[in-house]
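Consider the two complexes below, in which chain A is the common component and chain B and chain C are the respective partners.
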Partner chain A sequence: MGGLWGKRERLAMLLLLLLALVAPFLVYPVFLMKGLCFALFASAFNLLLGYSGLLSFGHAMFFGFAAYVTAHMGKVWGVNPEWAILGGVVTAAALGLLTGWLAIRRTGIYFAMVTLAFAQMMYFVAIQAPFTHGEDGIQGVPRGRLFGFIDLGESLTLYYFVLLVFVASLWFLNRVVQSPFGQVLKAIRDNEQRAISLGYAVNRFKLLAFVLSAAFSGLAGSMKCQVFQLASLADVHWHSSGEVVLMTLLGGIGSLMGPAVGAFLVVSIENYFAEAGAWVTIIQGGIFVFCVLLFRAGIIGTLSQWLKGLYSGVGKA
Partner chain B sequence: MMIRKTILGTVLSVLIFGPVHAEIANHKVKIGVLTDMSGPYSDLAGQGSVMAAQMAIEDFGGKVNGWPVELVSADHQSKADIASAIARKWYENEEVDAIADLVTTAAARAVREVAKEKGKVDLDSGPGSLPLTNDWCSATGFHWTYDNYATAGGTATAVIKQGGTSWFFLTADYAFGHDLQAQAERVVKANGGSVLGSVRHPFPSSDFSSFLLQAQSSGAKIIGLANAGNDTINAIKQANEFGITKNGQSIAGLLVFITDVHSLGLETAKGMLLTTGFYWDFDEGTRAFAKRFGARMNGKMPTMVQAGVYSSVSHYLKAVQQANTTEGIRVADKMREIPINDFFAKNGKIRADGRMVHDMYLAEVKAPAESKGPWDYYKILRTIPGDEAFRPLSESTCPLVKK
Partner chain C sequence: MAVAADYIVETRDLTKEFKGFTAVSGVSLRVRRHSIHALIGPNGAGKTTCFNLLTKFLVPTSGRIFFNQRDITHAQPAAVARLGMVRSFQISAVFSHLSVLENVRVALQRRRGGYFHFWRSDRILDQLNDQVMDLLQSVGMTGDVHRLAGELSYGRKRALEIATTLALDPEMLLLDEPMAGMSSEDVLLIAALIRRISANRTILMVEHNLNVVAELSDRISVLKQGRILAEGTYQEVSNNPEVVEAYMGSPDD
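Let's turn to the complex of A and B:
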């Protein structure tokens, strides 16, 4: 490996960043922002699934509830977007602490079921609580002015704000994974008994990873609420929990860019095939089957394996 | 160093020489139909709504003042966020001038917010909730076919007059269901009836047995169904199987579409009272439209939602023609000016709150012996004049209404 990032990765990242900077001039910005929000959601989810080996089936509650809190704060209380987003993140982290505290006592399918149960409870709250407005959701949330003077009403300004948050979050998540803390997480993922015998307080590590993942999922939900100016039941529904698993698997578990690529793929299908009517879900299913059969390691995983093979081949020649 | 400079240069040049946003008349009219293509309302709206819009455009000659009229359609999957995203994309990026149908309130609400922000037109035919012309009203938003006040009010009034004075409600547990129940309760109480109780069922639901037993044991003469689509169909079917209707209790569907009756069959649905904004077999005009529609939709007859899409789209085109622009607010003003006269509405008019006021019809479902053929389902008992059917403008909470 040699250092955090190799030269090649660094160049690739720079190119991607460049692409992201010019993209809103070529592609519809709102679509890009939706992609970025889901990419962040999937990346946060990946911290748990890819690096800690915990499959949560309830991440929609963090994503969706953060959106509700941001929408409520922005619309009813009229606070600036940065506070509304912070409120969403804090709510998600608190929910994550509560759910995680209970869920990490179990592993595997039981862990997934506990998280799903909590998510369904929160879904019920979202339907019944007066402030969420049930089926209608909270709509017409003002985009507002960031720090009181940056007008986010302009799509392009909002895009660069979302991009900044996304890049910073991804950088942070990557730092977490590369840090000693991240190494311990991987050790727990690979062999929990061994990590315990080495003297690590395994549950504390798991809980912290869970809360971090929940908080960043919440950040993604709050950003999505900023972009679409609404918070709705769709975000807290278990479909969202399933969708984020799909995105992560499609892109590639345990890679930095994999979940983001998966997220963009799924969002593109939803966006560009909406005109296909009832066929959307069928197309989605078909692509999923196709990817699972052909790219077991996800798109990025397979790509990097292929590249590795190519380079090692060149090295030998 | 070289690379860094190049990158910096590229970024700067893009930022500086990015496209300039300018208003350019695009010399065409584009209409979007946003509806439920795959979910519970695809039968009563869905593909039929797209067909209705297409027919409206064809009947107009495919051109307005020499500008071609284009049609796009999409599935919002009954989700507010998808509806909002598509509407935003259409209005901002694909030069869509008006969006029609918008079945399900949550989707309609989401699109309304975007349309209001962009100053574009939305033509709601599918959704029923009242706030669309009250708290959420806009200068460029229209509510065309029906609303909960009209359907629940019309049906409940008729049922009470027939002696159905005590009610029990079976309500779909979401905003639309609550609204529908509230509208019916208002009428029941105003006419001296009593509400013995209500129960909320999850949306959507397939098993109504425990709710129906509660309704049965309440002893109410009328079981009011404050739900729609498949929920209504399932509830009526199961009430029939439980023998509830044979034991003297009656079912009142507060929002029933002709496609629901078609799914239920006349044997199950016979005798039911309902309020509708359109019936295909009403007069020459409606029959002529229905025949053409049926020929292109495998013999299906249009629902009130689909007929409303036709009416709203052709009225929109007429307004574009007369205003000679596609600019939202000017077209909307023109739409309010001209009365609506087509097979769907006689002397229909649009109020300041966006409500299109037209006659509604109280109908009774025929018994199998009375029906002469497929889709011959309704006996029209009474025409409810528009001003009586819809909530008076004086009660509107729409900020656009001057008091």
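Let's turn to the complex of A and C:
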């Protein structure tokens, strides 16, 4: 099989990339960057849910804690952004290794509960630890100069940096899925017992997927901190864990662009219906119910099925 | 010749108790190397439980298991598979969202190594495709290479499962009802295949199709209510009055 990358997909990707390059001249860049950060978060989450079949309900701890570490390193230690971001990613990966090592011993709802329990513990740490500044969070984090000479204070420069990180990460996550490791991961998702009977120690594969997912969730959190110059309790709250599940399901699990589309949808709703106040959650809920009923495979999943049907129809005619 | 080395698998007083009942009770089974050994018996006799115990998917309550004179009573299931004892499942076990080719390749990948390489393209696995095609040919499935395994008919899934198991080139195969739900042509194909692959391997199978059992097996163990009722060739076993009674008394077979 030729893999995921047919001619049409390549063209669609190129168009999306062009759109992303001109977008900051048309739309408020900070909104776009927020969307990209959550798109990365959802894509990292999708590696676990879509390709390992593990539903984590604690990913906020990776997202939020990486933000804290990046904020602390950038503000208190005064290091360059690349080191602050790397610090966030490494922290998230280490946290992923520790919690994942215990969580992957359970499956299904129990796995979700264990991850939630760890996330709640980390939320408590975030409230109590002095360096996170409790309710205030870490504010006024300097955007700094990338590698010492690229000024990220400039919104447009920062946007292209965030876009570059997003595209590179998405490429890498896609590579993981389409790698020898990804093959075994998908096999485990489909039939764990059979994978064991073929001689695979499945827990190691799940753990590696968990750590990779945690690391990229951390990268998303660090980038968000870089954009908003802030790390706060909101990012480690379980609400963030729930939101990323929502984004991924809306867009379509197990597809490359689905989670990103879902993320942009949710972020847009929150932004444009902000005046609606408490009604935002009601509107969100309504859209979620609507999508789940109408698009079983998520927006992107359903769209690609529909396109496939369309093209094969044209081919026959 | 050492007597012990003649047997590839040996169990001693193998017992498995679930809450309130004993599924397998004091089974001492010996499987001769390079033979086809069948495990038969009425439903609920403990055949599949035996399989699960041998491949470590279940932990025995008591008793010991040896594979190649090695005590594997406390080994992990994936480790047992790597030692060379691989099982198939009663419910067709394929990876339904992978293609037929990928199903077999996942097994070949395990022997190839490098399966933690998450940074490399899976295109390097294409070098295994020739081997995959050979294996698919042996089960007559070269026409279905790019179909998703989940779309296959039941019989085709079973054939694919056997091809996947063979890809590991195991010293010993445990086949759990390989013929169940197969069309009569597929039964002939798979029976011939089992005969062919048994040349330098040991096969232990659970099978309800007694014609197949009679034709293929060198030795048969009859289980009833978790115990071995009789053991021997098909002739010996089928003339055993206890076995006849066990089968007549059961409406399932």
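Assume the second predicted complex is superposed on the first by the 314 of 317 C-alpha atoms of A that agree within 3 Å, B and C clash if a C-alpha of one lies under 4 Å from a C-alpha of the other, contacts with A are read in each partner's own complex, and residues count from 1 in each chain.
Note that in this section contacts are C-beta pairs under 8 Å (C-beta built on N, C-alpha and C of every residue); 3 or more make two chains touch, one makes a residue touch a chain.
Fair warning: this is a prediction, and the values are worked out from it, not measured in the lab.
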Chain C versus chain B on the shared chain A, clash or fit after superposition: fit
Geometry of the superposed three-chain model: angle at chain A (Cα centres of chain B and chain C, steps of 10 degrees): 140
Touching partner for A:180 - first (chain B), second (chain C), both, neither: second
Contacts of A:137 with chain B and chain C, given as first, second, both or neither: first
Touched partner set for A:271, first chain B, second chain C, both or neither: first
CA minimum distance (chain B, chain C), superposed complexes, angstrom: 26
On chain A, positions contacted by chain B and by chain C: none
Touching residues on chain A, where the partner in the complex is chain C: 1, 3, 172, 175-176, 178-184, 186-187, 189-191, 193-202, 204-205, 208, 212
Contact set on chain A toward chain B in their complex: 14, 18, 21-22, 25, 28, 30-31, 34, 127, 133-137, 139-140, 155, 228-230, 232-235, 270-271, 274-278, 280-281
Complex contact set, residues of chain B against chain A: 7, 10-11, 14, 18-19, 37-38, 42, 47, 72-77, 79-82, 84-86, 88-89, 92-93, 105-106, 109-110, 113, 116, 173-176, 178, 203
Residues of chain C defined as touching chain A within the complex: 55, 57, 76-79, 81-82, 86-89, 93-99, 101-103, 105-107, 109-110, 114-125, 146, 164, 168
